[in-house]
Amino acid sequence: MSMGNSIGVAFRVTSFGESHGRCMGVVVDGCPSGLALSEEHIQRELDRRRPGQSRITSSRSEDDRLEVLSGVFNGRTTGAPICMLVWNTDRDSSGYERRRWTPRPGHADWTAHVRYGGFNDYRGGGRFSGRITAGFVMAGALAKRLLDETLGIEVIAHTKEIGGVVAREVSSEEIKARVEESPVRCADPEAARRMVERIEETSSQGDSLGGTIECHALNVPAGVGQPIFGTLEGDLARALYAVPAVKAVEFGLGGRFSKLKGSESNDFFRVEGGRVFTETNRAGGILGGISTCMPISCTVTLKPTPSIGKQQRTIDILNMEETTIEIGGRHDPCIVPRAVPVIESMVAAVLADHLLQAGLIPPVLGRDEK
Amino acid sequence: MSMGNSIGVAFRVTSFGESHGRCMGVVVDGCPSGLALSEEHIQRELDRRRPGQSRITSSRSEDDRLEVLSGVFNGRTTGAPICMLVWNTDRDSSGYERRRWTPRPGHADWTAHVRYGGFNDYRGGGRFSGRITAGFVMAGALAKRLLDETLGIEVIAHTKEIGGVVAREVSSEEIKARVEESPVRCADPEAARRMVERIEETSSQGDSLGGTIECHALNVPAGVGQPIFGTLEGDLARALYAVPAVKAVEFGLGGRFSKLKGSESNDFFRVEGGRVFTETNRAGGILGGISTCMPISCTVTLKPTPSIGKQQRTIDILNMEETTIEIGGRHDPCIVPRAVPVIESMVAAVLADHLLQAGLIPPVLGRDEK
Amino acid sequence: MSMGNSIGVAFRVTSFGESHGRCMGVVVDGCPSGLALSEEHIQRELDRRRPGQSRITSSRSEDDRLEVLSGVFNGRTTGAPICMLVWNTDRDSSGYERRRWTPRPGHADWTAHVRYGGFNDYRGGGRFSGRITAGFVMAGALAKRLLDETLGIEVIAHTKEIGGVVAREVSSEEIKARVEESPVRCADPEAARRMVERIEETSSQGDSLGGTIECHALNVPAGVGQPIFGTLEGDLARALYAVPAVKAVEFGLGGRFSKLKGSESNDFFRVEGGRVFTETNRAGGILGGISTCMPISCTVTLKPTPSIGKQQRTIDILNMEETTIEIGGRHDPCIVPRAVPVIESMVAAVLADHLLQAGLIPPVLGRDEK
Amino acid sequence: MSMGNSIGVAFRVTSFGESHGRCMGVVVDGCPSGLALSEEHIQRELDRRRPGQSRITSSRSEDDRLEVLSGVFNGRTTGAPICMLVWNTDRDSSGYERRRWTPRPGHADWTAHVRYGGFNDYRGGGRFSGRITAGFVMAGALAKRLLDETLGIEVIAHTKEIGGVVAREVSSEEIKARVEESPVRCADPEAARRMVERIEETSSQGDSLGGTIECHALNVPAGVGQPIFGTLEGDLARALYAVPAVKAVEFGLGGRFSKLKGSESNDFFRVEGGRVFTETNRAGGILGGISTCMPISCTVTLKPTPSIGKQQRTIDILNMEETTIEIGGRHDPCIVPRAVPVIESMVAAVLADHLLQAGLIPPVLGRDEK
């Protein structure tokens, strides 16, 4: 039984590819026909995810040129499944053979080995590599475009915390204006400066850092989401946990609710010009699993990159004995900045799915009878 | 499109019923045949969830007698879907008609109204009532029994925090020994005492409290979980967000990872007697979405009960104008203690689903050829 | 793994119950909110399926009074799952214990025994009884009402053949006018007369007959259906094969296409008043899996009732030796007439599912803001 | 809402690609890890489907070289999704622009146009081309190998009828021995000769022929299949209706049951050497939707190729007026012989899915710890 590689009902994303295989790809089924698909737009999102963008990310070179294999005709989506991929080039797999039997702490090497009886492609983490998120970003870029074109929905994210350095509260406008200028994709410039310092310092020690990303979806209409098991929160969380390293997903005040009273937690309703909204947005735009029309707001915590330069204790699976490992290579000392477009992508894909389910995005965008 | 009322692939739970309708029920499809189904066991779990257990829970009387309508024959599951329900009795719906057009802050009244065009059963929150978790507990009790009988897996939870009162770290043994003795289901007796005080104080102010539950699944074998979109974390989170009031779901160190370095986050592998384990369990028993064989550990934050005695600002939907609301009735000042068996139930149902998918629990338990 | 008890994506039907258990029931998830649910209408469809309607059906008494347990409020659907059931009464299970280890030829006794390790409820066929179709009819009646109210779609069927007696071609009008007057639900009165004779003759020999039902869905708009694996034909066939005894499902000319040329098979397009149609309807209203706007027409063959009075060879499972069996009881000598409303129900449920998926039926029918 | 491009639960096939797009491809999710994947084996099946194999098939040249993009490592499946495709080469799309607004009778041109608002890729039938079955065959070849390696299950088919020429009953051995020698893939050489004549004669008239394929799965163990909505019959039928031109799917005696009595329809049970079987196999190896251990036998009718040389009446969509069309190009006068490996593929894919669901094929084949 394996349904793990697909997500979504009405906007369904199927992922394939391995880190050191031929490609990383994705098939999107259910995208409405008639959407103007811009390869440049998708490429731009891929570029945001790519390593080597600044001195604080991995210096690996990944070209990641988008290829669209199906589902698009005359510049528009046809309603057929859209297969997109990036070819893998210049993968150096030499180090992995040697390390095959010594699982790296914090990585999926050991669990993948058990799960697949040792047949898994272990090179570069194989199917469990962070590189899989290239596919997420291609699907997410498509979803973002769909949300924007049909309903003016924007999905934006920025880095809230890295290694204990916390950004101040920022507005959506600040995020939109500043996030791409910042090497850590943090909309608070002062915090961003300190985050960079913290990363450089930690990196020089051969260590890595975790952090937190906050993400907002603006202009989502009220009434979106399925009750009970198909809540917006549940479906978003499931998608966000697909991003390697994510270990916490919260909505609105999230974990802080445990310290509050009801009178400090409820959002009071208001009405203005016939439009209902709430005074505050502690609920993160979701009540009963359904959108309130306030921004959908979630927070995601990523653990530190498990690949660190320090010596670590592990085991030799073949001989079932204890050993140590030192991991070389060019790893991101902090994956959080590069994860920002990935988090946006997952949120966009889930919202596209729910808006199609709700009938708020139609299955055909216009008519082509030129 | 509505897939919201079912969850799971191989152990599939479908929920039905409303707070003030005829019943609360559940259909479980995929439970292996041959499991000795104990109605007393399920009833006991239902009783743990019931209000009126102590002075700090709602004094509402809910009898909640289990009825098994299908799928069981001669005391064993047959492999056919198991329909279970509790009849609703003595529901006083009088107050709800009056409040129909004034959505309660923090509740799903407004979003349900928009989602269903006003046709939703609004009495007592209808489909969005916490009472829906009675169905979750029936399904969860079945899952717990299945996990225990086949693999010796135990799912245990306790209250970690209420309104800022945090329990100390406790062992699994402490949880098992103490949780049912504690009126707040907290395994740290000293913290439990202060939690009770905090609840009583807050309740007397007409206010409510949120809190945090930690849950552990013991003896889960390694290699369980689907990669990518069907991770244990993602599927557990999706199920846990079905529990009303949950606003954060974390695994292992969860949100704390944002303050740590890789050298403080990785769990080192060890081997003893041919069995692999990790020195620490910061990952919460999951790497790459797949179980490591360490306990699966998650933490769930519930927001404070939105029904409070204080006056709150809301709107009159009919006239689209602002108004206020005061909510009477017998509400739990803190839902966390009663949510403990519910959280366990969701974790158990997801694990049963994944273990069946993995083939680690067979679809038939033995043979009946007496 | 067991997903067998649910069908549909947007209009999802989950079946539960056994022939000699407490009830036969169904949960329908995804029915739009705001539909006026008429219990009488559903009861009427249940009555059409009930045995004892004439001298050529089983004389068993099944009261089959509809109970609606959830999802309806103030006479309208709420958008929540609708649980409906009929209680089983006066089931005589005495004969089954004796026959437990001797599977009846043509029934599912043997396969169910293997599939469930002997734990299946074997009384009266248990989960595999034709009685399960009571649930199908409840769901189908709801679907019919939904199709009719929103789009004026009608689903009609009649008996085309019984035991080699074939009805002449009849129009939709004839079906609507005559089917309920006929004891065999055949719209050709002359054929119906001969069918009755054939059944009586065969019944008197302790034997049974198979037959064919044709079903039409009128007023289905063009463009409904998913390409490739979610074709109308495929989804209808899957649902129709859920009806016990169905062994062939055909669309349009069906099996007769094997004897024809392309020039005799294609339907030519016509246009009148801006509306496209085809001169003939050999395709049964479906091209590429998608509706053409012509009536959806399918034909279903049911095998003869396997319960016959004659002695049959079978095995004793306990001792793994050959034996014989004679089946008494009150069985339908021909199930076809009672299957007519069941076939209509499956077609209606699948069409409701596809029309909801296509957005042609909205998830909310109007607004309730009285 | 579009789930149309995927099928299966445990062995899940997702199709992508268009007739005149870049490629035809498929992603298979759920294939167990450790299967030795032979590209030659898959290529051989692709070659069986390819046009230009004899004088009675289309003379179009389709190279169809298999490319495996993911999921295989060191010659074995890894448990990750397997993406396979064939690149489209030398597609002449020139004629299609001209014909865009005049839908071909019997093709999906009109329904696809309505379904996708005119945005569909209409060249060569686009997504609705018979060429899509190249993907089915790649997935099916993988499934066949899996079935054979693990359980010795063979899936074989041959042409039963073309244009009224019916083959005599043949044994499985005859099918295996003769089908690839026959230009029409019919195991009855005498009938095959007449089928060829009939095709040549019809082809010379600019016309086409339909026919029937019978397919058998040998060595399927008893107890496979889900009850009710997930029957073997229903799931096989749904998959088979994905093959363009299929209009009837029958099991065992299929449509012939309508002329029989119960005493002529039931298969009597026998036991020999502790193994249960039936004297006859009128049920096609399935009772109650579950395998009996006899061969699974189904019959599929394909309508004649709709592309014929004769002038046909159709409409001009742009001007909504009636017109005529003549279809040139190199079309198969009878698609049945080339459909034989496609039908086998669909049956194999569904059986692989059900055997994985039943736990009879494990998710990991052995262990790789060399």
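We call the chains A, B, C and D, going by the order they appear; numbering starts again at 1 in every chain.
The working rule: a contact is a pair of C-beta atoms (placed from the backbone, for glycine too) under 8 Å apart; a residue touches a chain by one contact, two chains touch by 3 or more.
Please read all numbers here as calculations on a predicted model, not as lab measurements.
Across the assembly, the mean Cα position most removed from that of chain C is the one of A.
The chain pair with the larger count of C-beta pairs in contact, out of A-B and A-C, is A-B.
Look at where the CA atoms of chain A average out and do the same for chain D: the two points lie 38 Å apart. Rounded to whole angstrom units, the spacing between the C-alpha centres of chain A and chain B is 27. Centre-to-centre spacing of chain A and chain C amounts to 45 Å, using the average Cα coordinate of each chain.
Annotation for chain D: residues 1-6, 9-10, 15, 80, 115, 127, 227, 356-359, 363 touch two or more other chains. Chain contact summary for the complex, chain B toward chain C: residues 1-6, 9-10, 12, 14-18, 21-23, 25, 27, 29-30, 33-34, 69-71, 73, 76-83, 85, 115-121, 126-127, 317-318, 356-357, 363-369. On the chain B side of its complex with chain A, the touching residues are 1-7, 9-10, 13, 15, 103, 105-108, 110-112, 114-115, 127-128, 132, 161-164, 202, 207-212, 222-231, 233-235, 237-242, 244, 246-255, 257-271, 274, 276, 278-279, 283-284, 286-292, 301-308, 310, 312-315, 317, 320-322, 356-359. Of all residues in chain A, those touching chain C in their complex are 1, 9, 80, 227, 358-359, 362-363.
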